[in-house]
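Scrolling down, you'll hit the structures one after another.
Two complexes, one shared chain (chain A), two partners (chain B, chain C).
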Partner chain A sequence: MKVKIKSNDGHIQKLAEIVGGTRSILYNKEDLIAYDCDGFTLHNHLPKAVVFPNDTNEVAQIVKYCSENKLPFLARGAGTGLSGGAIPINGEVIISLVRMKRLISVDFENRRAVVEPGFVNLKLTNAISDKGYYYAPDPSSQYCCTIGGNVAENAGGAHCLKYGVTTNHILGLEVVLPNGDIIEIGKNGILDEPGYDLLGLLTGSEGTLGIVTKITVRILKNPEGKQTVLAYFDKVEEGSRAVSEIISSGIVPAALEMMDKVAIEGVEAAAFPVGHPKDIEAVLLIEVDGIAAGIDEQINQILEVCRKCHVRKVRAAKDEHEREQWWANRKTGFGAMGAISPDYLVQDGVIPRSTLPEVLERIKQISEESGLRIANIFHAGDGNLHPLVLFDARKQGEIEKALEAGSACLKVCADVGGTITGEHGVGIEKREEMRFVFNDEEIIAQTNIREVFNPHNLLNAGKLFPTPGRCVEIKKEIKDALLKS
Partner chain B sequence: MNTLELLNDLTSYLAERNLRVENGSNHSLGNSGIVNVYPKTEEGISLVLKYATDHKLTISIMGRGTKRGFGGLNETSDILLSLEDYKGVVEHTVGDMTLTVKAGTTFQEIQDYLDDTNQRIALDPFNPFEATIGGILGANDSGPKRFKYGSSRDSVIGLRILYPDGSVIRTGGKVVKNVAGYDMNKLFIGSMGTLGVISEVTFKLRPLAKYESLVLLSFPEGNMDNIKLCAKKVLDSVLEPVCMELLSPSLSDRLFHRNDYILAVSFEDVESSVHYQIKLLKDIMPANTVCNILSKEDAQVFWEKFYQITPASTSSGNNAETIAALKIGVVNFDVLKVIKKADLLQDVNNIKIEAHGGLGHGLCQLIITGAKEDILSAIEKIRKIVLGLEGYVIVKHLPFTIRKDINVWGEKPPHFFLLEGIKSKIDPNRILNPSRFVGGI
Partner chain C sequence: MSVTGTEFSESRPCQTRLGNYLWKELPDENKWADCVHCGMCLESCPTYEQTGQEQHSPRGRVYLIKAVAEGKLEVNEQFMDPVFACLDCRACTTACPADVDVGGLIEEARGQIRQAIPLKGWQGSLSKFFLHWLFPHPSRLQSLGGLLEFYQKSGLQKVVRKTKLIHVMPEHLVEMEGIMPEVKTSMRKKYKDQQVIKARGETKREVAMLTGCIMDVMFSDINESTINVLTRNGNDVRIPEGQTCCGALHVHAGDREMGRKLAKQNIQAFENFETVIVNAAGCGCMMKEYAQLFRNEQEWLERAEIFSNKVVDISKHLHETGYEKPKAELKTRITYHDACHLSHGQGVRIEPREILLDIPGVEMVHMPNADRCCGSAGIYNITNPEMAQAVLQSKMENVPEDVDMISMGNPGCMLQMAIGVQKYGRNQRIVHTVQLLDWAYQKESEVREG
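Let's look at the complex of A and B:
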């Protein structure tokens, strides 16, 4: 179909034709500005255009066109990613999947659902909750983030301690490869398809291996009962000890969250205050779910452990309303920092649970050295720490200082045997920090896999991996030459 | 140098480094080596790989051999690299509930070690006394409790892999949540040793269940509709079984001396919750169902017997009878059709088929005993039915001479070029477990 486009760029014209009209493409600068970054706002770059395909076929045609014409391109969902994975740093054509947002089917008998990538995470649970089912991965942005984006980032959430992250819930994918081919892996959602586990490899590959156009996910039955406990600790060490002891006592909580003093100040100043005391060092939120008959026993055990760890005050939620209030207070924790600081940088490291007191001490030093306050929100059960670096972008040099402090926090995580990201991904933000956890050979091992899928590196280039040093390139050349011989 | 000279050279090269080396011999299950090597250290494994790469020698990788009959079109490689001497716990951080072990450690050895801390790896593989953790991962083995606990891909958080040139590549890490870079762990789990040698595995652990019971629901009338209805009710209820496995009458007979279809529903939780769930289950089960409840120790005895049903290296069959094992994947409730068909095929093909499958996860195992031709014909019939259900059949155990007559993995998938591409990047000379995997990889 010939489409009228006010652009002299032949590529724009062609792309508009593929998506069937001017309503499905943006190419004017003023329209593109909204797409110059995602949830990571410290870097900006304008895309060449944004196209809105309606189905897999259109995605494949766009990809094929870009590939044949050597135009860099990338996929974007709701743009909530926190590491810059959807920022068009090479002036990409952005393939926005927000119009592919259908819930295609739900099969309660076999506990699975098929969705398009633009389908919003929370909508799935809302669509099936009347039958008593839900979709487990629950990132804090679940009310607006898309399941396609969750697959790209292997998103987690507060409840992944017991139920796992996105990769544990993906049964099948339809994928458009960087050359425009459409493949289906995990056909019909059947487990252990013969061959290498491409499902596992693609999930969390941050949109660098292919574009997911259809997703089969596992759905779960709602637990019969759930209960949440709130505990206040005067000392972080004691809260931290309680976390370890709860878990090693044989309980697998559905969620186990911790906030430190600065974080508490933030959430109490924001939209959902619940009256946490300001003088405590740590608050713990512990949720257990499962068969109602077993919950009281576990709650009593948790209360006992907390008391043993010198808790100041501990109690279970008196009703569902209070439980929800506590969770709203915690789940809006990142945004709440806006109430006490003009800007904040969210970091995302993971540490062995037992090293928490040591890590918090070192983060405190980083805070003092940088002169920036750092709040800590912690998925304590699985060791996923979110230091929130508070700063003021209007002040000269504070952005750089915040980035440096964030990176220093990640170095601490890596040094104690942890890693640089637990759920937000590497994107462009943490490319260099990849070196904290992987050596050159290990990074090459990964980029070698990318070459299999994305040989011309037109899809989401420049993400996830550090720029190779010259010595690395030479090493690779030597290795390639040796392999060829 | 010809191959023989090379191998003599290798033998002296390794013997100098205190590595146990033996002359190999052919095995009825294939996947042998002209020379067998038993390294005790990662460095030793690396030396063998480097030597093989430098001299373009092929390698069969093995733990203790329980999966020797699984795939492989070469009777023998140049080197059989056995990891059975490479064992032990590297690190167990009790408070963090993580464990790192060497690949040659058997599953039972790990479990025995963890018992004192009331922790466990949340896997239930077959032949736990003999199967090494490296082999379990390589073949991606799992049991009925996968329904609740998942498989290796859900429990493994880090690996040390030796690439074909002997270099060490670490994937994942030591923390339970990690999205730094590609999730490379996944690539090696289920890769049948065609990409690298797993050296160390790091797991996230779970607490041992405080209490467990196994409910065996027998359906003497063998009415599949009744079984389906019962299973659906369980799945749609508040019950949280760790498995819901359907056993064929022949398998029930072997394990429980009852020639009926049995639905094995297992609960693991605090004691009050387990009792409550059993009570609910009794309310759900249809009339004419016989209910046997095995509590803690009895349940464990049953499971111990259950995990021994899969043939291992010693069970290549006597002269008259052959044993085969199949892994079948279908959509969950199609398991009923597969198990029923397996039962019916016994008389038609004059064979014995012991079958089980998970109504919550869709994976089945069939153990077939009989004459060679009858087994091959049965596999073809089963494959036709399963393909009709859009599932797959993998032959996970069969003697080498018969294996050559059948396509172990089924047809290549349309995206085979990606699998081939990955293999070529990592093992371009194809020295590791050649022809052991899908499409001849």
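Let's look at the complex of A and C:
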């Protein structure tokens, strides 16, 4: 189809023809600027164009065109990612998948659903809740983030402590490979097919191996009962001890969340305050779910543990409304930082639970040294810590300071035996920090896998891994030369 | 950044600039400083739902507005498009964890755009006609109402429809013609010589009422119902003479100068009253935000704040001060639509629902996404008909089939929803919340008298 485009660029013309019209492509600076970053705002780069395909076929055609013409490209969902995975640092053609947002089928008998990548996470639960089912992975951005993006980042969420992260819920994928071929993995939606676990490899590959165009996910029956407890602690150590003791008592909570003093200040100043006291050091949000009969007993056990750990005040939600308020307060925690700071940088470290008091102490030092406030929101149950570095980008030098402080927080996490990301991905933000946990050889081993799928590195290049050190590069060149000869 | 707005003449670059904002009344930097780009607003936005494009999302718009201040973009036609395509529905304000005032920011940006690129040609004339010549002048509106009444009652309407003369109009205007309410007597005219409309029975308090511009011509029966339910519940009602159009349409269109002029007139007109009752969500929301227009005029800023605190929606006023539950039964199944400027704009959601449920025989059917915009958005359905239609369609998909009436608290929504009912072959009656309450009271007295 011939499309009238106000651009002299032949590529733009061709891409517009593939997606069938001016409404499915953006190429003016004024429109593109809204795509120069995602949820990570510290790097900005204009894309060449943004295209909005309607189906797998169009995606494949776009990819094929880009690949043949050596145009860098990447996929983007809702753009809520926090590590910059969808930022077009090489002036990519952005393939926006938000218009591929159909719920293709729901199979209650076999407990699975098929969605397109632009389908919003929470909408799946909303669509099946009347039948008593839900989709378990619940990143805090689930009101707006897409399942395609969840697959790319292997997204977690508050309830992943008990139910696992995205990868545990993916049964099949349709993928457009960087050369434009369409493949299916996990064809029949049966878990654990023979051969290599390609589903596992693709999930969390941060859009560097292929573009997912159809996703088969597992859906779960709603738990029969559910109860949530809120606990206030005067000391972080005590809250932290309560977390460890709850887990070691044998209870597997559906969620176990913690916020520190600065985080509490933020959520209470923002749109969903619930009246947390300002003078406590930690609030815990603990949820148990499952067969109704055992819930009360577990709740009593949790209350008991909290009291033993010198909790100031602890109680269970009086009704569903209150429970929802507590969760809205917690789940909007990141955005809420806008109420106490013009900008924030969120980090995503993982630490052994028992090291929390030590880690928080060291983060406090980082905060003092940098002069920037740091709030901590913590998926305490699985040790996934989110330090939020608060800064003002308008002040000279603060962006650099914030980046340094964030990196220092991750170094602490790695030093205590943890790692640098739990659920937000590496993107461009934590590329260098990969060196805290991998040496050059280990990084090369992984980029070698990327080369199998993405040999020309046109798809989302420059993400996930740091550029290898010089000597390793030379070693590799020698090795390649030897192999060729 | 200190700018005293009165020092500058209109449509001339001012000395203080902010990036590429060169015109009087610079947008407020603090409004975008609150936005951390988290994206929680995306799914709440009707234009993002339709397009899937960032520049048509709340955070995208905020980002573009900021980009102009940073000098990355200029105030030009391409920038104008996303800023003017916003419905100003404020759903993003409800969704935003950081309370970013996207609506206020959009209006400020529109103010800059309209000074930089004044409307020309027929668009300019049309906008001048409506916004300057017509809405601020009750007498002209009434004359026009008279003409409309003549059109409807003289048989001319029938002739136009029969002779297919109607097909020369654009589609959306034809749809609008089809649902035009019958023009009745203006309340301002009716009570012109009456100082006060006394409460029936004991007077508990005195309130002043905004009759509105279009409201009093096209929807004077709602104004009448409002007066009835007020007097029925112990309110003496006054209709101050000097009042005028609230200015919402002007501010939405970027004409802040005229908005300010009208705001001042209303602030003065209602100065001596404690409570200002409004039955149109759009007007109520605007009047509660008058202070935003006077950021650079300290004296008026204070007066505006005092005034805004006195403004209250009719349903909230009844809910707060108490109302008698009607005794007669209205056997009807209804659903309730949250007008954006009532729910997102003023946080009024529970009050009208409780009033409706207090009417015996009223059965309420839940409307999914009840606080989703219907696409009316002031005059958006005239300026952006295509998007308004798409938004209306997704609204109508959520309106339950099996109800007799759709109740709401805003005249703009009433017109738009009436178009929806007609266009999609539905048969619901569109009513204002106070009308239902008034009918129940009337039925009660009929029963008593009969």
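Observations on the model:
Assume the second predicted complex is superposed on the first by the 477 of 485 C-alpha atoms of A that agree within 3 Å, B and C clash if a C-alpha of one lies under 4 Å from a C-alpha of the other, contacts with A are read in each partner's own complex, and residues count from 1 in each chain.
One rule holds in what follows: a contact is a pair of C-beta atoms (placed from the backbone, for glycine too) under 8 Å apart; a residue touches a chain by one contact, two chains touch by 3 or more.
Everything numeric here is computed off the predicted structure, so don't read it as measured data.
If you put the two complexes together on chain A, you find that chain B and chain C both fit without a clash. When both complexes are overlaid on chain A, the residue A:Gly195 reaches chain B alone and has no touch with chain C. Touch criterion met: A:Gly338 reaches chain C, while chain B stays clear of it. Looking at the shared chain after the overlay, A:Lys6 reaches neither chain B nor chain C. When the two structures are aligned on the shared chain, A:Ser96 is found in touch with chain C, with no touch to chain B. Greater residue coverage of chain A by touch, when chain B is weighed against chain C, goes to B.
Across the overlaid complexes, the C-alpha centre of chain A sees chain B and chain C at an angle of 140°, to the nearest 10.
Fitting both structures onto chain A leaves chain B and chain C with a minimum C-alpha separation of 20 Å. On chain A, the positions that touch chain B within their shared complex are 108-111, 132, 153-154, 156, 160, 164-165, 167-168, 183-185, 187-201, 203-205, 221, 223-224, 244, 247-252, 290-294, 297-298, 350-354, 379, 382-384, 417-426, 430, 434, 437-438, 441-443, 445-446, 448-453, 464-465, 483. Remark: chain C residues 33-43, 51-55, 57, 60, 63-64, 67, 72-73, 76, 78-79, 81-82, 95-100 touch chain A in the complex. Residues 23, 26, 28-31, 33-35, 37, 39, 41, 50, 52, 78-80, 96, 98-99, 101, 118, 120, 141, 143-145, 270-272, 332-339, 342-344, 392, 394 of chain A are the ones that touch chain C when the two sit in their complex. Here chain B touches chain A in the complex through residues 93-98, 118, 140, 150-151, 153-154, 163, 167, 169-171, 173-187, 189-191, 195, 206-208, 210, 232, 235-240, 269-270, 272-273, 275-277, 327, 329-333, 360-363, 390-392, 394, 409-410, 413-416, 418-419, 421-422, 425-426, 428-429, 437-438, going by the rule given at the top.
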